[in-house]
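Labels for the chains are A, B and C, by order of writing; each one numbers its residues from 1.
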Amino acid sequence: MTGTLRAGLVLGGGLVLLAIVGPWIAPDPLAQPDLITGTLQSPSATHWFGTDQYSRDVFARLAAGARASLGIAVGAVVVATLLGTLVGLIAGGARGAAAEALRRAIDLLLGLPRLVVLLVLLAAVGPLTPLSLALVLGATGWPAIARLVRGETLRLRETGFVGAARALGASPLRILRRDILPGAMAPALVAATLGIADAILLEAGLSFIGLGIQPPAPTWGGMILEARDHIASAPWLLLAPGLALVVATTAATLIGDALRHRLLPGTR
Amino acid sequence: MTDLLEVRDLRISFAPPGAAPIVPVDDVSFGVAAGEMVALVGESGCGKSLTGLAILRLLPRGAQLGPKSAIRFAGVDLATLSETTVRPYRGARIAMVFQDPMSSLNPVMRVGAQIVEAIQAHASVPFSTARARAIALLAEVGIADPADRVDAWPHQLSGGMRQRVMLAIALAGEPDVLIADEPTTALDVTVQAQILELLDTLRRTRQMAVLLITHDLGIVAGRADRVLVMYAGRIVESAPASTLFAAPQHPYTRGLFGSIPRLDGPVERLASIAGVVPPPGQWPSGCRFHPRCPLAVAACVATRPPLVADTAAHATACWVTAGSPT
Amino acid sequence: MTHWLVRRTLDAALSTLGGVLLLVVLVQVLPGDPLAAVIRDFPTDPATLTALRERWGTDLPLGTVVARFVGGALRGDLGTSLAAGRPVTTVLAERLGPTLLLGGLTLLVHFTIGLALGLWTALHPRTLRARVIGGLTLVGYALPSFVIGLILVWLFALTWGWFPPAGYSDPLLASDAGLGAVLLDRVRHLALPLTTMVLATIAVPIRHQRAAVDETREAPWVVAARARGVSPARLAVHHIWRPALTPIVTLLGLWLPMLVGGAVFVEAVFAWPGIGTLIAEATAQRDVPMVVGAGALLILTVQVGSLLADLLYRVVDPAQDAA
């Protein structure tokens, strides 16, 4: 196992662990135990990362935020990968006008800034639940995957073993599923892993501008938004979720890079 | 005839960190006189291109010259110069033409600008004068419409024309020595002949010494005055071209002759040397050619044969054939 | 070339139109009341609601809405903002300047300091300074832009008080202040947002320039140029850097979408009165016409940027002329 992969798995695994065991080792992230004297306390043995302006435990909110951020990002990437692989396979496997129309559609969607589409969606339907946010992030993330899978499908279609399968009389659908899908999945998996970092940042950014999961539910982006009024007096409120974001995106990038080396040797 | 350029004990080594040094060129000595064309012949991977680059101190990063290596030119040992002090020699005294005219021209610079650059690198010439000389040089290397072509981009020219441009650039500094490293390998056969013809004409009109580096003995015949045959980093045979073509001594040289297809000969199996040159670092003991040599004896495995001259001009490094004309 | 330009411009126009239409259709087919921004939580009787829907044309069929939007857009009318009650284009015009200023300056820094740092680190890879630059860009790459912005506010505005923490200009600045004072005020307000944008994005030009220079410095034409005695300075500029510019220009098309994202979050940190804060506020108020209008403007910017990048690519790479 390479150092990159190990570092990525350690960082990512740490956050997943935090998300899972958080409820057992940290207090209730929504509880406001002491609004008189317990607010904005600096890190201590009882409050590892201090408390916020409502006296809530920052470590507990960080763990709960990990659950929200990682859950939404992974959900979004699963949706994007499934949709993107399906559309990419069809676009690469089909011929004629349909394939051309799909190619144009994918290119059109790729030309749209993802954030703009997300904001229009949010303006139309209002604030979202974590599940629908994951779905919406996935629904705006699939074109990139689709383009990769389409290109790989086109390439594999011309290779010898697919020609051999065709000569043996395999049906086109069987060829797509058995001979092309496994190969076309490799770049999709790499892009999906790297896409987790994008999804985490987008979700945090939306929460930071007040358009993501609504308070009081803890998210890293929301914690950063709430921290901005207290940066000078309580910088840990900013640093804790900021660092968590860095660790999460770095882990996804490291694992993605390691996967790329393993699955797609010779690319940069 | 004293040599204008003299290479002595050239040794080039790479020392990768944590590994044994690799020595792709070892103990190579030769000279080139004014107006003489010397051919350095060998298969790819034998160190002949590195030898050419070493003369102008253009070796890739990590390559080192041996402590005894000397490159004497006009009373100066180029091997002792720094990157700064060697620059006045590059192009102005010794020029170089490379194998791939496609990538040896800067793709985003007009060809005229690259010739002008070569002129202005060594003389403070006003631009208009330099440009006029660039056009004259293009005419000299046989490019039609030189006044138009001077403003062409490299991608607008054919491979042969690009190599002519490379020659014009090489001539721009009025060099005494021209090193031509596989100048025709990347070109079509008909264009090859034209470029070689041009090279021959230029060295006669300008009295230039030419070091022609090639893997192809066929293009050497009738042009070179002397031939050096190189194998696995060493010179194995050196002789005047006429002698070498009449009576090659080293089994490797004979093998190379066997590799030249003859248009007028009977169609037979192309006799060639079995195997390939092993990479530097895996070179065998004794005579490095012995694993591929049909005549090898026990001495060839054990001891390196010295380069001995049987006549004043013909030297061969072989335990079996040297001195015994066969 | 003219033929290509016409075709490419047409392509960009169609892509913009297609993208914006997609947004309009999306809004219509999604669940959610398009008048949520107007009605909010006020109790409204059915008669008023009907009147409102008629006035804003929200119960019309999809085809009619799209046709109306396209017709209006072609006449330069993107509808009326539900929250501000003013034409969308008027509001956009007010907000465009600050965003262009911030984004344009960021691009300028990319193309000067970014490329210079990329070239420098490629030519001196093993020095301490190159490692420091590499480390800094990695940190900037890993940290989200809004976290960088808040850290800068904490240090340079709140702790040391060198720069204002937010805003576009000082409201207390005398209206008759001289040009110098106004400029200084603008620079002071620009300092932190611009630094944030640059820190968050400059890793991209540096890395790409470095990768491009790594390729060209080993190119055969560089050896050939050295063989003719070209000076090191000329070598670096004409034979290593200039050919490495070609792959960089294609990047311009990719940077613009990135700058759009950066603008939304960075403008939010500094309450910068640009398109980014506008679209975020309008989304929060569910002001659909405003969001679609701002989105259309951003899509147009991205498409124009990609068109310019392609054009520049043909200027920079002479071999493109033949195609």
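Methods note: a contact is a pair of C-beta atoms (placed from the backbone, for glycine too) under 8 Å apart; a residue touches a chain by one contact, two chains touch by 3 or more.
Note that this is a predicted model, so its numbers are computed, not measured.
Peer 1: Counting C-beta pairs in contact, which two chains come out on top?
Peer 2: Chains A-C share more contact pairs than any other pair.
Peer 1: Among all other chains, pick the one whose mean CA position is farthest from the mean CA position of chain A.
Peer 2: B
Peer 1: Using the average of all C-alpha atoms in each chain as its centre, how far is it in Å between chain A and chain C?
Peer 2: 23
Peer 1: If you average the CA atoms of chain A and of chain B, how many Å lie between those two points?
Peer 2: Result: the chain centres lie 57 Å from each other.
Peer 1: What is the distance, in whole Å, between the centres of chain B and chain C, each centre taken as the mean of its C-alpha atoms?
Peer 2: 54
Peer 1: Spell out the residues on chain C that touch chain B in their complex, using ranges where they run on.
Peer 2: By the definition above, chain C touches chain B via 219-221, 223-231, 234, 238-239, 242-243, 245-246, 316-319, 321-322.
Peer 1: If you look only at chain A, which of its residues touch chain C in the complex?
Peer 2: 107-109, 111-117, 119-126, 201, 204-205, 208-211, 224, 227-228, 231-232, 235, 238, 242, 245-246, 249-250, 268
Peer 1: In their shared complex, at which residues does chain C touch chain A?
Peer 2: It is residues 15, 18-19, 22-23, 26-27, 30-32, 34, 36, 142-144, 146-147, 150-151, 153-154, 158-159, 211, 257, 260-261, 264-265, 268-269, 279-280, 282-284, 286-288, 291-292, 295, 298-299, 302-303, 306 of chain C that touch chain A.
Peer 1: Using the touch rule from the top, collect the residues of chain B that touch chain C in their complex.
Peer 2: 53, 56, 58, 87-92, 95-96, 98, 100, 103-109, 114, 117-118, 121-122, 153, 155-156, 166, 169-170, 172-173
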